[in-house]
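Think of it as A, B, C and D in the order they're written, each chain with its own count starting at 1.
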Amino acid sequence: MINGSLAPVKAVITDVRQESPGVKTFTIEPAGTFTMETHPMAKPGQFNMLGYPGVGEAPISFSVLPSGEGKKNKKDKKGKKIFGHTVRTAGRVTGFLSQFGRGDELFLRGPFGRGWPLEEVMGKHLLLITGGLGLAPLRPVIEMARSLAPIEVTLLHGARGPEDIIFKTEFARWQRVGAVKIGLTVDNPGQEQEIAGDIKIHSGLITELIRPLRIEPAQTIAFICGPEIMMRFSARELMLKGMSGSAIHVSVERRMKCGTGHCGHCQIGPWFTCKDGPVFAYDQLKGLPDVIL
Amino acid sequence: MRIKTEYLGRVEGEAGVRFEIKNGRLAELKINIWEPPRFFEGMLVGRRYDEAPDIVARICGICPVSHMLTSIRAIEKAIWFEPGPETIAARKIMAYSQIASSHLVHLVMLALPDYEGKSSLMEMMSARDGAECGKNGETEKAKKTKKAKVKDLLKKFINVKEAFNGITQTFGGRALHPVSMVVGGFTSFPGEKEIDRLLSGLASAEDDLEDIAGLISELKPPRLETASELVCLSDDGGYAINGGRIVSDMGLDGTEEEYEELFEEKEASYSNAKKTRLRERGQIMTGALARVSLQSRWLGEKARKPAFSISLSSSSGKNPFNNIMAQAAELLHFWQECKKLLEASGAEKQKKQKFPGRPPAREGEGRALTEAPRGLLYHSYAIDRTGAIRKANIVTPTAHNYLAMEQDLRRLIEDNIDLPKERLKSLAGMLIRAYDPCFSCSVH
Amino acid sequence: MSFYKKFRLHKKDVHSPKEKNPEKKRVGFFKFSCCTGCGFELAYFQRSLKETLESFDFTFFRLASSAGSPEGPFDLALVEGAVTEPFQIVEIKKIRAASKVLYAVGSCAIVGGIPAIKALAPEMEVERAAYRERLYEMSSTRPHVIGDYVKVDGCIRGCPPGERDLEEALASVLIGKEPEFIEYSVCMECKMAGNACVLLEDGLPCMGPVTNAGCGALCPAHHRACYSCFGLMGQANVPALKGKFRKLGFTEEDIEKRFFTLFGALGETGQ
Amino acid sequence: MTGASAFQKDYKTIIPVEALARFVERLGEQYTLTGPVGGGLTARFEDVSSFSQMDLDYQSTMLPPGKKYLFEPVQEVLSFDISEGRFLEDHKDPQMRKRALIGLHPCDVNAILYLDKVFLGQYTDPFYRIRRENIFTIALNCKSVTDLCFCHLVGAGPYLKARSGYDILLTELRGLLTDSGVDSGGSGADMDGGEKKFLLELASEKARDLFHALSPDKGKPPEEKDLAKIKEMEAALLKTFKKNLDMEAVQNALLARPDHHALKETADSRCLSCSNCVMVCPTCFCHDVRDETDLALSRVKKIRRWDACQDISFARVHGGNFRAQRYARLRQFVFHKLDYDTQFGMKATVGCGRCIRWCPTGIDLTEIAKAMME
């Protein structure tokens, strides 16, 4: 009686990687009756409700997808498809999940939501602006960026401190294999001045990386993900450069509980974050109440 | 040799006991009730008359119904209100079920571990298969029976608890700090279905209740004889709980109205609780033992079992340790009474009407006495024309028993002065617990 | 083997080697100035008594056991009652230091409850009505809530505490998660139960709209106005309800003195 | 069974109240009968054992019938066996009894149509679906309006215009019509000596089958003048509405002034955040799901219960609350009801007035909207 979208299914954690203090990436493999075939393929920007009985559920977007991921991660040794979620220890559910290790089982529902508008990337300069954990939902986009045929890919990433930068080990590969131009900045500069050999870490706000950027507004599409205030100022910066709000896409995090647009918690104006989002064009949200954007 | 317990366990509230033995004689003995006072008599001043029951309920977490009943009746007397027969019956049900619940907690959770040499019911449970159950001198068979009885104790305890709590909850809205019992009556009455459910709950608890009472009846309390006067309420209509004349085993006979003339309350230098005594007569003992001894003619046949005759005979009726026997007898008695009242209540279901609202304020004074689980409880109020309380006085069972507790403890230590320190200490705790004191009430 | 077992945190620093049953969570139950009702609720009145006694190790619970030490360490400390005497301040700080998780239990500990009525009267007025000779030996102070002195990890509201929140708190400790307590108004529970509205239909001064739920809308279900024994909910709009009571014809004195000072004159713990 | 083509949607007949009663009572052999009891503004939908227990003259209820029976206040949605480490496969929908909801006013029928869009849209809620499938709806056009009704502004009443989503529509004919040809005129509803009759319209195949199988009296087809009379009655009723608001103007005005002082002032001086408005709203669908674990750690139940945007924790996320201020929560309710039509392509208010009536301080969303447009 309960279909996959409402009933949680079991999955197994096959690998755990500490990305930064308090942030872990869980590599997950379907278990039991749950296979990648029974569940529709996820798109970048979509999310799963990860949870554990008795504790609750939390919406976590995909940071690793079976498709578009680097060859090494696409399938595990047995050829099973795997995917990943990057989780920061924050609330009740993520705090509980942070105790989990390899071999532990968790429960999930999904995938839910509208992903990044990848179909619009072709022939455009793809500008990715991320803050903190906001890099996670864009990681699959970076991995598959080349297949989307953009003319250029730029990633600007901001974090609190150098130690808080997630996916550190991937930056060099993205630069090399994906020809991604990367800019990094932190609020609190530490000892580390650069990572992966040659990416310099600036100190200051992410807008300071956007400002000197040369973009052709009509031929640029921006995907932004991070704290709401950071997204607001980034979008403002881009609009000052002449970009239209419809080409700026943001992913908002709200109190999503059901994923199906039933429970009403994630409403932003007339939208449901869980089914109409979490990715919205900036135009869609601008001026709505209870939105910082 | 100084013997000191700072914080007595398995009693309601906070108190300690200390005594000193010098040259083989008891030099000093104090039950120090350090429970912080909340000054209810002061807090009540200025509040409206119909608020008092909800406030005084919070004097005690185990006998809120008694405080509510006493204050409601004192207030109704002050404002000249007479409740109808259904209200009186429902109040009886509330009182009986609450006293039964309270006794059940005391017998199983608070008192019984003393006889098992354990610190708590939890410890008894975890050690129930150990060798501790049968004490020295018992036959194998007796040990086995006892073991079997203890084995399912928690299950039985919960079953009986559910039955009695269910009654208080159904009539009062909740079992602890009930809401529907107010000045003027009840804001709602349970329906026929709920009464049936309560009756079947009582029926299913009958065997377990008898087992628990049986377990208590087999205990062998230490010997002791109190010099206190046994005092309780008495009524020609039955086992007196909510009002009646004040009587004693030494010929006392007075009315509620005469209470303040008969009794006097004195502050103690080392304790937050006051000590209450009969003027020119001395200390009294009140509670289940006094009730069962003086009102035995009203006890139902269940409670008249030979097992409890020990507490009914005149000599053992003066042993404060036997209070637990009397409580067990009352537990059985109230089971029977609740059943009777519920059956009658179910039959009269049609008569129940909507609560007409609180009766109007009126200037006056009211005094009421009830039998709380632990004994005599007195409330008196002076209410002004606007309905505000101008003066309140509350004397609780443990304040009534305080002097007797100290006197009896003195005698117990003197009788056993040669025992080792630890044994004396545990004996002292056991006696205080036998009184089932409620220190929160005593200080209030 | 319990499903949650492998996720239980066992911190070495709070584990004593003498512990008989290290599987069980160690609970300390502490009473300050109150009626012990919360203690009785936990040890007697609530539905899950059997499971509670079996799942936890009550290493300090004076109402139920004469053994154990208040020194801890505790996985969970439950504290009932208001702080009305200086020695209790020292104690609550010790308890906090010895406990991983500390919940305030019941209205006295959370919003002041009935003992807080004392705070409304001039110094010594209330005391004087109850004592004479002993008055100046007493150290009773203005009542305070637990959260005034230590960090409180959660509030199990009610007088007596609501069973749902109590179970949620205990189950959360067993599972090792943060509990979700009830934070909405009594009206929500009342409407869900389909009760007639005693405020609008009967004109009774019902405190439900500003009172934290958890009781199951008990009073309105029994045709009685809620008297706020669970305390005010977060951001309660007290002036708005006072305005409504005024319209119902209650006097200013009634409104000030009666409805909003019976429980929780001290406000909220930890907020 | 006859094919769908044979069914004429506009089947109409006039039957006397006794015949209706007999039909409903026969219906009771197959369905639990649920209808308005108590009357007036505080009637309640309850299960009844006979037609006569219902008061079809009722004006309004506190809890809306559709929401009460299709989307229950508290519902266990899933359970998990901890010892086995799995969600219970055998946790099926509770066997639903078929229920006939009788006497729903047009606003409440429209509210069900709204809930259909919420729960039977892109994702289907299984609990709602099975209840919906097992419900037989007999709607009843209003014969009076209350001071707080504004269904006429949103097309949700007082006469039902929707052509689907219910099974039978009743309109009580006042006074004497076809039989004697005497027109009582006026609005004297229960005329002395006048026979109480209803225009009965069958709106579904199920209704047609059941009516023909069960009703002993099939009534008479209405004459032109009967239908004309009904139109007159509707027109007369429309004149009795007290509330007025330009709904089209509202559409654009609210979002343009999200921080209007009228919202803030109402929130500060009157809003209690008690959520009564949401609880009694027939279209409010928000709910919360919480895991409740028993202390023996044997079972986790996922419990769903009604939730409300007025509740302080509703919009709390880690690190903040996007509706921390009271006026923001009040705004969410007012805007959702009056402005966010795009959400489900239908107005989220049906104009029943319950949120106004059951607000302890009488906050009126139409008044707020008016003030915001000034």
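Definition applied: a residue touches a chain if its C-beta (ideal position, glycine included) is under 8 Å from a C-beta of that chain, and two chains touch if they have at least 3 such contacts.
Note that the coordinates shown come from a computational prediction; the quantities given were computed from them, not determined experimentally.
J.: For the interfaces A-C and B-C, which has the higher count of C-beta pairs in contact?
T.: By number of C-beta pairs in contact, B-C is the larger.
J.: State the chain with the largest centre-to-centre distance from subunit B, centres being mean CA positions.
T.: So the farthest one, by centre of C-alpha atoms, is A.
J.: Counting only Cα atoms for the centres, state how far subunit A is from subunit C in Å.
T.: Here subunit A and subunit C have centroids separated by 42 Å.
J.: How far is the middle of subunit B from the middle of subunit C, if each middle is the mean of its Cα atoms, in Å?
T.: 25
J.: Roughly how far is subunit A from subunit B, going centre to centre by Cα mean, in whole Å?
T.: 64
J.: Nearest whole angstrom, what separates the Cα centre of subunit B from the Cα centre of subunit D?
T.: Their C-alpha centroids are separated by 53 Å.
J.: Listing for subunit D: what residues touch at least two other chains?
T.: 82, 85, 290, 293, 307
J.: What positions in subunit C touch 2 or more of the other chains?
T.: Residue numbers touching two or more other chains: 3-4, 171, 175, 180.
J.: Could you check subunit A for residues that touch two or more other chains and list them?
T.: 53-56, 91
J.: Please give all chain pairs that are in touch with each other.
T.: A-C, A-D, B-C, C-D
J.: Considering the complex alone, what residue numbers of subunit C touch subunit A?
T.: By the definition above, subunit C touches subunit A via 3-4, 6-7, 9, 171, 175-178, 180.
J.: Residues of subunit C touching subunit B in their complex?
T.: Residues 31-41, 43-45, 49-50, 53, 58, 61-68, 84-85, 88, 113-115, 117-118, 121, 125-134, 137-138, 140, 159-160, 215, 218-219, 221-224, 227, 229, 254, 257-258, 262.
J.: Write out the stretch or stretches of subunit C touching subunit D in their complex.
T.: 2-4, 48, 51-52, 54-55, 164, 167-168, 170-171, 174-175, 180, 183-185, 187-188, 191-194, 196-197, 199-201, 208-210, 233-237, 239-241, 243-244
J.: Subunit D touches which residues of subunit A in the complex?
T.: 1-3, 5-8, 10, 53-56, 90-91, 94, 105, 107, 253-255, 257-258, 260-265, 267, 269-272, 275, 287-291
J.: Tell me, which parts of subunit D touch subunit A in their complex?
T.: Answer in residue numbers: 77-78, 80, 82, 85-87, 92-93, 118-119, 121-126, 130, 255, 258, 285-291, 293, 300, 307, 309, 314-319, 322-323, 328, 331-332, 335-336, 339-343.
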